[in-house]
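Please find the structures below.
What follows is a pair of complexes built around subunit A, which joins subunit B in one and subunit C in the other.
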Partner chain A sequence: MDNLALSMGNALLGNPDHAAGIEVQTFPMRLTTTQPHLVAVTGAASAFLDGTPLPPCWVMRLEPGQDLVLKRPTTGARSYITVAGGIDVPLVLGSRASDLRNGLGGHEGRDLRDGDLLPVGPAPHSTGAQDFGAQPPDETLAFTSASDFLDIRVVPGPEHGVFTAAAQAAFWQDDWLVSTMADRMGMRLSGEKLTLAQPTELRSGGILPGVVQVPPSGDPLIQLRDANSAGGYPRLGVVIQADMWRAGQARPGTRIRFHRVTTAQAIAARNEQRDLVAALRRDVARYAELPGFTR
Partner chain B sequence: MNSHDPVSDCPHIAQFGEAALVLDAPGAMDLGAQQRIWALDAALKEQPGIVETGLGMANLLVSFDPDLWQAEALADWLHDAWVRLPPLAIEGRVWEFPVIYGGERGPDLPFVATHAGVTLEEAARMHAARDYIIFAPSVTPGFGYLYGVDPALVLPRKKVPVMVPEPGTVSIGGVQATIGMTPGPSGWYTLGYTTRFRHPFDPHAEPPLQVAVGDRIRFVIEKVLPC
Partner chain C sequence: MLTERQIEELVAHARACRVAAVEISGDDWLLRLEPGRVHAAPARPAPPEPVTLFANGMGRFHPAWPEARPGEFVPQGQAIGFLRTGAILRPLRALAGGTLSALLVGTDELVGYGQPVATILPGGEPHAR
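Let's look at the complex of A and B:
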């Protein structure tokens, strides 16, 4: 869901960007290890090592006998645990991701349970650097959210013009409340009912994570990472790729404001985010070579 | 078909976020239009910088790498390819499914029959008389979106979806037909169920999906139950 947190965790550890990590959205969660591992916790800040709170986006060495505990974060919905070498579950259809709806991939195609033992892949060459972190992305990216709101940038979708002028105005100007119908597949928002200028029956077609659809109920629905691959509801907008991680941190009760941007602005934001992760990789490599951090 | 009229043959292309376009075929949704969508899809698979395509019913979602494509250039390419490419006819396999129509597991058969002004048996015959072609993959791995419903049986989808519990349910929605894969809410009309349901998807098999776009699904009446 928070793809930026997973990327940052992998960058902090020198893992390839596609290495698998653990997404934690049910708290508290306690993790121990049978062997020493370099571990990063990113995303919503929630981590305690043997009872001591850790800074956000932090890398530590987890030794056997130590307890890493993730407690319910005060802001955000999901934390990410990455390990040097990645979680080495088997590839299914080319991916280590969990597809919970179809029971595929990940660890036995299901949510993790108490007592699960996860395999870790061979760690990338490490200088032994540990106990360092990165600035959380909200502090470094040009576009940030106000404290009481989740600000999300959206490009108008293929059926934007099919909605009434009042519905279009409400979408861009109102606050939207994340309802309790929110999971990895998508989240339904509540607010003004959005109506079409005339009834429209669309042919079923491909959709992507980030699309804002409006079913006949009038409540917009944002498809998230486990989005349906096809659908037939009018597509009012599409969340820009660079803000999907923010949407992935929303929880029921979060208030969202949408900001209309152009595709050029969306691509610039995507590049900024990519540069941030690349710079983090470079900084980590440089930091790890400093004298005094090599064991 | 107006395929040689440059004005009415123009597909509608819209931006779908910053890294995708969606193309809608002009005119009616039929096999001819879908074969042109298939041709476009096959040609895009050979193009560098195309991340993924999503086949729909007479439409195609095209995800691209913004480092390699500008949306305007890709839209031009799609327009040109639409006009240039011959339709792609796929000679697929035929899959037969015996169906028990009506009864508890075909609760919408009477409504559909009444709408068409025919008996339950006739409605079942009309449904089983045609081959349905897999036009596009559906949301969950399965038989996909099937095209070919008899125009007399075409109804708008239900306003309020109802739960359809069992896999193997045979239903229609608009011009589309389907065999249900997973329990869930559906706005389609349930006509019956197949007694020979086998899930066509196995992630560890090669290929993982036994059926393919272009294959034909044939329903055979096993029984028609009163409702």
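Let's look at the complex of A and C:
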């Protein structure tokens, strides 16, 4: 859901970008290990190593007998645990991700349970660096959210024009509340009911993560990571790729504001995010041998 | 604590008023005055020397999460700040638990290897933030 957190965790550890990690959205979660491992905690984390709080976006060595505990974060919904070498579950259809709906991939095609033992792949070349981290992306990216809102950038969708002028204005200007009807597939927002200028029949078309549909109820629905592949509701907008991680951190009760951007701005934002991860990967390799990196 | 002059004035008043004894105390001291005799509280232990935390590398100083402020207790091992080098942060950890008495560098200030960055007064107790 928060692809940026997973990428940053892998970059901090020198893993390939596609290495599998653990997405945590049920708290508290306790992790122990049978072997020493370099571990990163990213995303909306409130992590403790043997009771000592860890900074966000942090790398530490987890030794057998130590407890890594993730408590419910104060903001955001999901924490990410990555391990040097990656979680070595089998590739299924080219992916190590869990498809919980269909019971495919990941760890036995299901969510994790107490006592599960996860395999870890061979660690990349290690410099011995540990106890370091990175600034959270909200501190470094140019576009940041105000403390009370989740600010998300959106480009107008293909059916933006079929909505009334009032509905269009409400979408861009109002605050939207994330309802309890939210999961990995999508999240429904509540606020002003958005209406069409006139009854419109649409053929089903392809949709992607980020598409904002408006069903007949008038409540917008954001398609998330496990999005449908097709749908027939009008597409009012599309959350830009660079802000999908923000949407992935929304939880019921979060207030969202949409900001209209152009395709060029969306591409620039994606490039900025890509550069952030690349710089992190480069600097881990560049500075890991400096004094102060090992304890 | 009272000054020497204040104590002398207090003794004079006590004698003039024929007071048998005067006892005054503070958080960590006690003064008892009796005619002809003075009992002082046990000698106050020498205050602990502040411990200086030196930079273990170079970089720009970044405050900790949550921010550690002078006057607050920091447990041993807690990061009181970070050194940012490129995109990487390294912690500046308290070598001993105690009260953070001073941060010697400011946010985004360039810090060199071995530069003093903070002083901590050892001891004290953690308190709710």
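Criterion: the second predicted complex is superposed on the first by the 290 of 295 C-alpha atoms of A that agree within 3 Å, B and C clash if a C-alpha of one lies under 4 Å from a C-alpha of the other, contacts with A are read in each partner's own complex, and residues count from 1 in each chain.
In the analysis below, a contact is a pair of C-beta atoms (placed from the backbone, for glycine too) under 8 Å apart; a residue touches a chain by one contact, two chains touch by 3 or more.
Computed from a prediction, not measured in an experiment: that's the story for all the values here.
Asker: Can A:N102 be said to touch subunit B (first), subunit C (second), both, or neither?
Answerer: In the superposition, A:N102 touches subunit B alone.
Asker: With both complexes overlaid on chain A, does A:A77 touch subunit B (first), subunit C (second), both or neither?
Answerer: So A:A77 meets neither subunit B nor subunit C here.
Asker: Looking only at contacts as defined up top, I'd like to know whether subunit B or subunit C touches more of subunit A.
Answerer: B
Asker: Using the superposition on chain A described above, determine whether A:G157 touches subunit B (first), subunit C (second), both, or neither.
Answerer: The answer is first: A:G157 touches subunit B but not subunit C.
Asker: Taking the superposition on A as described, I'd like to know which of subunit B and subunit C A:A279 touches: first, second, both or neither.
Answerer: second
Asker: For A:P56, decide between first (touching subunit B), second (touching subunit C), both and neither.
Answerer: second
Asker: Report for A:E201: first if it touches subunit B alone, second if subunit C alone, otherwise both or neither.
Answerer: It touches subunit B, and subunit C stays clear.
Asker: So, does A:G133 touch the first partner subunit B, the second partner subunit C, both, or neither?
Answerer: second
Asker: Once the two structures are superposed, pull the subunit A residues common to the subunit B and subunit C interfaces.
Answerer: The answer is that subunit A has no such residue.
Asker: Using the touch definition up top, name the residues of subunit B that touch subunit A in the complex.
Answerer: It is residues 14-20, 22, 24, 29, 53-61, 63, 66, 71, 136-141, 145, 156-157, 159, 174, 176, 203-204, 208 of subunit B that touch subunit A.
Asker: Provide the residue numbers of subunit C that touch subunit A in the complex, in ascending order.
Answerer: 55-58, 62, 64-65, 75, 77-79, 82-91, 113
Asker: Enumerate the contact residues on subunit A facing subunit B in the complex.
Answerer: It comes out as residues 92-93, 101-102, 104, 155, 157-158, 201, 203-208, 210-211, 216, 228-231, 235, 238-241, 263, 266-267, 270.
Asker: Would you pull the subunit A residues touching subunit C in the complex into a rising list?
Answerer: Answer in residue numbers: 52-53, 55-57, 131-135, 140, 276, 279-280, 282-284, 286-287, 290-293.
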